[in-house]
Amino acid sequence: MGPIHMASAVSLRQAVALAGHFPLLTGVTLDVAEGEIVHLQGPNGAGKSSLLRLCSGLVALASGEATVLGHDLASDRRGVRRDVGLLGHASFLYDDLTSTENVRFALRAAGLSGREAGVRAGGALERLGITGRLATTQVAKLSAGQRRRVSIAVLLGRQPRLWLLDEPHAGLDQASRDLLDGIIAESREAGSTIVFASHELARASGMADRAVRLAGGRVETEPVVVA
Amino acid sequence: MTTVLEPISQPEPPAPAVSPPGRRAGRGGAVALRSTGLLALAGVVATVWLGLWVTPKAKGFGDLVRLLYIHPPMAWVAFLAYGVATLASLLYLWPRTRHPRFDRLAGASAETGVVFTGLTLVTGSIWGRPSWGVWWTWDPLLTTTALLFVLYLGYLALRRVPGDAATVARRAAIASLIAFLDVPIVYFSVSWWRSLHQPPTVDLTGRHLYVHGSMAWTLLLGFVSFTLAYAWLVGHRCRLSVLREREASEGLAAALEERRLEGAP
Amino acid sequence: MRDAVLVCGKDLRIEIRSRVAVNQVVPFALAVVLLFGLALGPDRRVLAPASAGLFWVAVLLSTVLTVQRSFAVESADEAREGLRLSGLDPAGVFLGKAGAVLAELLVLEVVLSAGIALLYGARLAGFGMLAGSAVLGSIGLAAVGMLYGAVASGLRVRETLLPLLFLPVAAPVLLAATKCWNLALAGTPSHAEGWLSLLAVFAVLYVTIGTVSFGPLLEDR
């Protein structure tokens, strides 16, 4: 089987990222093709979250090369953020606003018009099971799992080309986890690329095309997982 | 953008170390610094000697005029230091000239400047007291200098905040620019405010003094030697920063290696 | 710009929900005014002439709190990184947040004017000049406050650093606005035109700087 030419979603070469003097990533080399689902594994502190944050344009590149969706991370971090959706440990939501208001704000910030944002927000929240009273409750009053679902609804509404998910299943009940897996599969059908970090090896290997193991801030091996 | 997907088989090449900062201060630089220091010392000593013993008393001021030889030079250095710090901040922010040396210069200049500003305030207060009868009056220059002092302190406090060095450096640079633009506004508004009440009773800039002969030379010497002293202090402070950063970056290389080893079984 | 309106609306909506400015900042300002009254003595002949200056000192201190709150909203649960991720234009974020701070300050000032009229026996007059200088001064304060708020944001000593950075730079606004108010209250508002233009220059200068530098300031955490 000869080399496969595919559009590259993420392309990193010896990427190093720092937080002050603390090394987050110590030289990551990684390629993710468009439409792939990649699972990041590794022990705690291996750099999985940092790698996701680097690809989302939040963390600066200290040295090496990094290109995400055609944007060079050394020069165009802001451009990356428009095309990328990050689901982090924190929920990026405003406590005093309701679920609906939070999702609508995020969608309007992403460039949608007021009306379209409202429609998509409603649809996304409904899909995630946040309806009725839940939709009009302030986010601060929701449980952690419900907040997570609202964050996922934001991603669902935005439909970014690259999804970066950090422990997406954490805090969700079984039904919500299955729901999330379904959403991920659909997004891939629609052409998005998904990279996620998870400790749930069984569920992840079912979903992902391949797994990448991180340790000590860089990629250890790239075993090919037959999906 | 296409890339060829091949099975990864070969081991990764060793990752590059992040390059350490600081250029070598050449031998020439060290010599220049030392000679500046010696000249400055000689100049300051000469100024003090001339000022205290050689120059005459002035009409209406008496011995107090001797402060003339150090107060205006100190004030000049305070403002010069601030100007240099702001210019260095601007250069640091400008993409084409972004280099850590400008951030170091800004910090060094500000630290030196705060010392001189404090001295300016003290000597200004001493000079004015016999005429005003009080230690402080809201003279526009003195008030602006007091404000400059507080601005410096805020800037230095910002530089010392724990956090990512590059972030802090950039924020400090922006903060100094914001403050710099405020200084003329403050001076203008304070002098306007004062002029509404009464004209300043004592002109601290000594414009009304008839400065001639040995007084003029001593004053000039004072300006020159204090400026040299400033240059010497800033030069040394920059070197200290370079050494500190070098130590920190060596720590970084070690930290990178240590972290990589975390992954090895 | 559209992003600015969006962010301003979001901030004001959060304020309406949480009522922090109303419940905390306004009482704080009133407390300051009261304390000044206690410090300077009950004699109205002393307080009334000083009321404009004391009013503006209270406003300056309240600006620090309001700006702190504006940034605290974003930091709760890391929403600040959410702002960067959202793709909003930083200049728009600056204008929007500063606009929300401005609105809160103006509301505060209305309440506070009633306070000084009551407590210090200041007789309010020259409302055109009072309002005009208050608006211009508050724009300048909101802009500088937002700017320094960004400089100090995310740094661990933010709470103590912000007042230290902000207050000296805001001094000209204090001076000019107090002058405007004094002259208005004394019945000669036209004399204050020079001071009014100083406030305008300050406002324009710092709104411009803020719009330009907010983006770089938010980066690199």
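Order of writing sets the chain letters: A, B and C. Residues in each chain are counted from 1.
Please note the rule applied: a contact is a pair of C-beta atoms (placed from the backbone, for glycine too) under 8 Å apart; a residue touches a chain by one contact, two chains touch by 3 or more.
Only a predicted model underlies this, so the values are computations on that prediction, with no experimental measurement involved.
Counted by C-beta pairs in contact, the busier of B-C and A-C is B-C.
Core chain by CA centroid proximity to the global CA centroid: C.
Centre to centre, using the average C-alpha position, subunit A and subunit B are separated by 46 Å.
Separation between the centroids of subunit B and subunit C, computed from CA atoms only, is 31 Å. Separation between the centroids of subunit A and subunit C, computed from CA atoms only, is 38 Å. Contact of a single residue of subunit A with at least two other chains is seen at positions 19. In subunit B, the positions touching at least two other chains are 163-164.
The residues of subunit C that reach two or more other chains are 220-221, listed in rising order.
By the touch criterion stated above, subunit A contacts subunit C in their complex at residues 19, 56-58, 60, 77-78, 81-82, 86, 88, 90-97, 101, 105-106, 108-111, 138. By the touch criterion stated above, subunit B contacts subunit A in their complex at residues 1-8, 12-13, 15-16, 18, 163-165, 248, 251-252, 255-256, 259-264.
Residues 93, 147, 150-151, 153-154, 157-158, 161-164, 166-168, 170-171, 174-175, 177-179, 181-182, 185-186, 188-190, 192-193 of subunit B touch subunit C in their complex. Note for the complex: subunit C touches subunit B at residues 144, 147-148, 151-152, 154-157, 161, 164-165, 168-169, 171-172, 175-176, 179, 194, 198, 201-202, 205-206, 209, 213, 216-217, 220-221.
The touching residues of subunit C, counted against subunit A in their complex, run 3, 6, 10, 13-14, 17-18, 73, 76-79, 81-82, 84-88, 219-221.
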